[in-house]
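The structures considered in this document are given below.
Two complexes, one shared chain (subunit A), two partners (subunit B, subunit C).
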Partner chain A sequence: MEKKTIRNFLICGLILLMVVLFPLFNNNFIIRFGTDILMFAIMASAWNIIGGYTGYASFGNVVFFGIGGYITAILMEKAGLHFSIAYLAAGGGAALFAVLIGLPVLRLRGHYFAIATLGVAEAMKALVQNLEITEGNSGIYLPMLDLSVQGQYYFFFYMMLGTLLMTLLITYLVLNAKLGYSLIAIREDEDAANSVGINTTLSKTIAFALSGFFTGLAGSIYAYQQAFLKPEAVFTVHTTVKMIVMAVFGGMGKLFGPLIGAFGIEIISETLSNYFLVAHTLFFGTVVILAIVFTPKGLIDLITQRKFGISYFLENIRRHRI
Partner chain B sequence: MLLQILVNGILKGGLYALMAIGMSLIWGVMDIINIAHGSFIMLGAFATYWLFTILGIDPFVSLVFSMALLFVLGYGVQRYLINYVIRASAFITLILAFGIEIFINNVALVSWTADVRKVKVAYGAANFSLGNWVTIPTIRLIAFLLVIVISLIFFYILNRTNLGRSIRATSQDLDAARLVGVDVANTYAITFGLGVGAAGAAGTLWSILFPISPMMGGELTLKSFVVVIIGGLGSMLGPIIGGLALGITEAFGTDWFGSTYANLISFTILVLVLIIRPKGILGGAD
Partner chain C sequence: MVILEGKNITKKFAGLLAVGDVDFYLQQGEILGLIGPNGAGKTTLVNVIAGVYAPSEGDVFFKGKQISGKKPYQIGRMGISRTFQIVKPFPGMTVKENAAVGAMYGAGGKNKSAKQAIQKAEEILEFVGLADLMNKGADQLSVASRKRLEMAKALAMEPELVLFDEVMAGLNFSEIDEAVELIKKIQKSGMSILIIEHVMRAIKNVCDRLFVLHHGEKIADGTVEDVLNDDTVIEAYLGRRYKELTH
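Let's turn to the complex of A and B:
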């Protein structure tokens, strides 16, 4: 192995060790904050599969989060099933929904795909608000996890961490398989990809299903953690925006980009809300605007290019303005 | 009864059309999906509200002011912000618009709190009947007629003036337009200003007819999407057809299924139209 590869492995291992040991050295408030970061890291990484690698900017990925959560709630509360079954069913159900909706919607490109997925998510929210089995607008309760308070914090942290590692591992395997190359070919030029014999419909649908699967798992854990779901809160478009902003902020189409983004954005928003009780969302909007204007390729580009001077930012602007 | 529902749908559809005209213009010319559109509508509504509450200016008078204010704001946003990322992928401008939306909504929230307000004009409840068939709220009819006037002005600007020719040229080929001497940065800014100005007008009319609050924008953006998608891009008639279609379907849909189904109906239509006819009812075959 090259020296550089060994060094990178060591860095990754060290970071992983720090994350695994993290709950042991922190109070429950901080553990919960870490759990949130991991959840968004899962969702941003899942979004990255369809939005970053395949080039299909989904604006409705929150629908998988909501479906995962509601499947978990219904299976546990109404059917009395164990969380492990509900967890898998949540991922599977979200993936199945991604296939069903993906077949027609993935034929659309660019803005039209973005709006269609947004429409799907909003339609699903409205449907859940009206269905009886989801208990509509009044919301649905889940059974509480039967563990000590400390145990609960640990459980959800490590569930999220495990799911995140699985997401990254499978994404990594997909990227190095034929499917990964097909996805990137689709992103760069779909017609060309089609003409060299790539089954673009199948590849896109699998990517969308994977994206839905992992987002559904995150929704499942979230539902169990909250023990209560409300359509308005679970299907909010702002969750989708957060996933996308994190992926873009960290670096789209890079394996670790969404991780850096989720970490960075959550730290920034948490710090802002500590200092500015009322106006923190306002500053969050400002952060989004500045990040898009100055680092459209994400922080990971900044880190790997090692250009921290002002010229890097000016170059980005010069290239994209009119 | 059916006739009354139809009339209600048409009158509301006119307002939807006005909301969507600006979005359609910005989308069609610059390929920008202005997620912040609803927030600009909200600003127009609040401009009208404050002019009415503090200075007692009638909303139909302040319409001109809120259009002008939003035009200037829109011009600035495009010229000094969006123009800097316009050559990045279309997706980047979309996220930027989201940032702008969050920013505007929260400035409004911090300044004016989340209270729901209403412009209460003296003639708010006036209406008249046509035979014994339908009752028409006067104020909604005036709003509807104004929508038509504003649409015609837009049509005139785009098709009969030099400015309109620059806008259409830039929309077709940015570099070619620049070669023949069009100031594209300025043209883009004016286009965005016009689109956002129309949103301001929609906001004014909205504030007379419905309650307003700083967070009202999100849903209006989504409704504008539905209208633009149904009507299709690239023609002044698109938003009008789309707006009427949405207004009428919503009116009948809520009458049949109940008002909690309104959003389900709109978004199902949105997705179906996209799947079956991505370029809209008026657009060519895909």
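Let's turn to the complex of A and C:
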């Protein structure tokens, strides 16, 4: 047991070291690609808290991304505040919004919750399109980061990396605390969870707020990186779908699942679009379907179970009756 | 001392009477049996006590404090835990984690860390005889073990009162005898118990008193002996041949 922990620790450290050193050996195009992967890894991991652990499949998590981005834009552009303040306010604002919206919406279960969150995101998009302070459909500019081009690539890469590490660390701490057990209990059977003394409303709301917080932070960094935001692009449901697909592909309800999912999905879709310019989404869809049929518990299950034989895949198909 | 008391409890579902004007009480340290035919309102009454439903009329008192109208988790934390007739384990968790969740959030969980709760869970699983299966998934258990896990979850909450809703349904004779022993052991450890059961073999062995529901109304209560010989109870629930068969 002890040996195993040390070994896992070493592997994680080694991977982390590789990621930290990654920008130093690559060109800016690849650093930017890495930054995108990290951003989606944050968002998929954040989605995992409410969708994977708590079992509430949010179809509107992009709303936190957009809110984080717009808070950053408004605070920096209109109020002239420093990015560090805007960054924290973006997370806090998204979390607060999650609490406010969660209190009514988290009363719904299953499909109804999914539809309601989808509606919230769309409504927020419409609101941002029509408000004066967000400058509506014409979009809002942010001040540029005052660094060399190279420095900018480094800055955003390491901001995303730092935020991802914080997301994973806090999720890990939550999972090992009482809160984590309450979330999984809610996912497994909410009525039973309530009867063993769990204040399910409170636990769910905290989970939703955490999910919103980290997604908001990702939105904040993204906004600063782009230096220009448009409601249509920032609040697109496509982003939510991507978070979900990544979390499911990598392994829902597993700490490192969404991380592996984000990495895998981005690499696959990038490679496919290099080879098949027009039809790559077709192949991409096929890959995702195959992955879900053969490894419904996600890629991480392949790694942790260490079963690569055909019997593992057949067993999955049989068990999940596909 | 009366630990649990129900006064004029009535529960209607859209006009349909499930429980009508029922009074009952439970002494500290006592095992009270609740029997009656299917659909008599037994589980509804447990759900009213546990806070799943608020009573349409009447009140429930726990240690003199009114609890009707409170939410299930609040009642759970006050010291009443319950099992579900159709067991509700957390299937994606291990047996140990299942019990640990109870230990974390029940009456005794307030000052417990996650680690201490897991220790408590191990003790409880030892107590109910599930120690060997501790690290198995809750979805891999047999019926008898599932019923035991349901009890373990309730006991891990360190309640003063437990509501057992048909914890012996589906068990064979030897498993029933084991469950009876376990319930006696629970009583000895100082808890009060309300038990719903159809298994007469168990009712006769563990209950101090009985009360009987029929069409939502209380038709009898008293000592086990008196209630089982009551003509209305025989007519409504036990059947005329019950006497011939058991005597």
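Note that the second predicted complex is superposed on the first by the 320 of 322 C-alpha atoms of A that agree within 3 Å, B and C clash if a C-alpha of one lies under 4 Å from a C-alpha of the other, contacts with A are read in each partner's own complex, and residues count from 1 in each chain.
Heads up, the rule we're going with is that contacts are C-beta pairs under 8 Å (C-beta built on N, C-alpha and C of every residue); 3 or more make two chains touch, one makes a residue touch a chain.
Fair warning: this is a prediction, and the values are worked out from it, not measured in the lab.
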- Item | Simultaneous placement of subunit C and subunit B on subunit A, clash or fit | fit
- Pick one for A:110: touches subunit B only (first), subunit C only (second), both, or neither. first
- Message: Looking at A:278, would you say it contacts subunit B, subunit C, both, or neither? Reply first, second, both or neither.
- Response: first
- Item | Vertex subunit A angle, Cα centres of subunit C and subunit B, expressed to the nearest 10 degrees | 80
- Once the structures are superposed on A, label A:296 by its partner contacts, choosing first (subunit B), second (subunit C), both or neither. first
- Query: When both complexes are superposed, which of subunit B and subunit C contacts more residues belonging to subunit A?
  - Reply: B
- Message: Is A:286 touching anything from subunit B or subunit C once the two structures are fitted on A? First, second, both or neither.
- Response: first
- Check the residue A:185 against both partner chains and state whether it touches subunit B (first), subunit C (second), both, or neither. second
- Now for A:193: first (subunit B), second (subunit C), both, or neither, which partner does it touch? second
- Message: Under the stated touch criterion, which partner chain does A:57 make contact with: subunit B (first), subunit C (second), both, or neither?
- Response: first
- Message: Quick check: superposed on A, how many Å separate the nearest Cα atoms of subunit B and subunit C?
- Response: 10
- Residues of subunit B touching subunit A in their complex? 27, 31, 33, 81, 83-88, 90-92, 94-96, 98-107, 109-110, 174, 184-185, 188, 218, 222, 225-226, 229, 260-261, 263-264, 267-268, 270-271, 274-275, 278
- For subunit A, which residues count as touching subunit C in their complex? 176-178, 180-182, 184-185, 187-189, 191-200, 253
- Note on the structure: The answer for subunit A against subunit B in the complex is residues 57, 104-105, 107-108, 110-112, 114-116, 118-120, 122-123, 125-127, 129-130, 237, 241, 244-245, 248, 278-279, 281-282, 284-289, 292-293, 296, 317, 319-322
- What residues of subunit C sit close enough to touch subunit A in their complex? 50, 52, 71-73, 76-77, 81-82, 84, 88-93, 97, 100-102, 104-107, 109, 113-114, 117, 153-154, 157
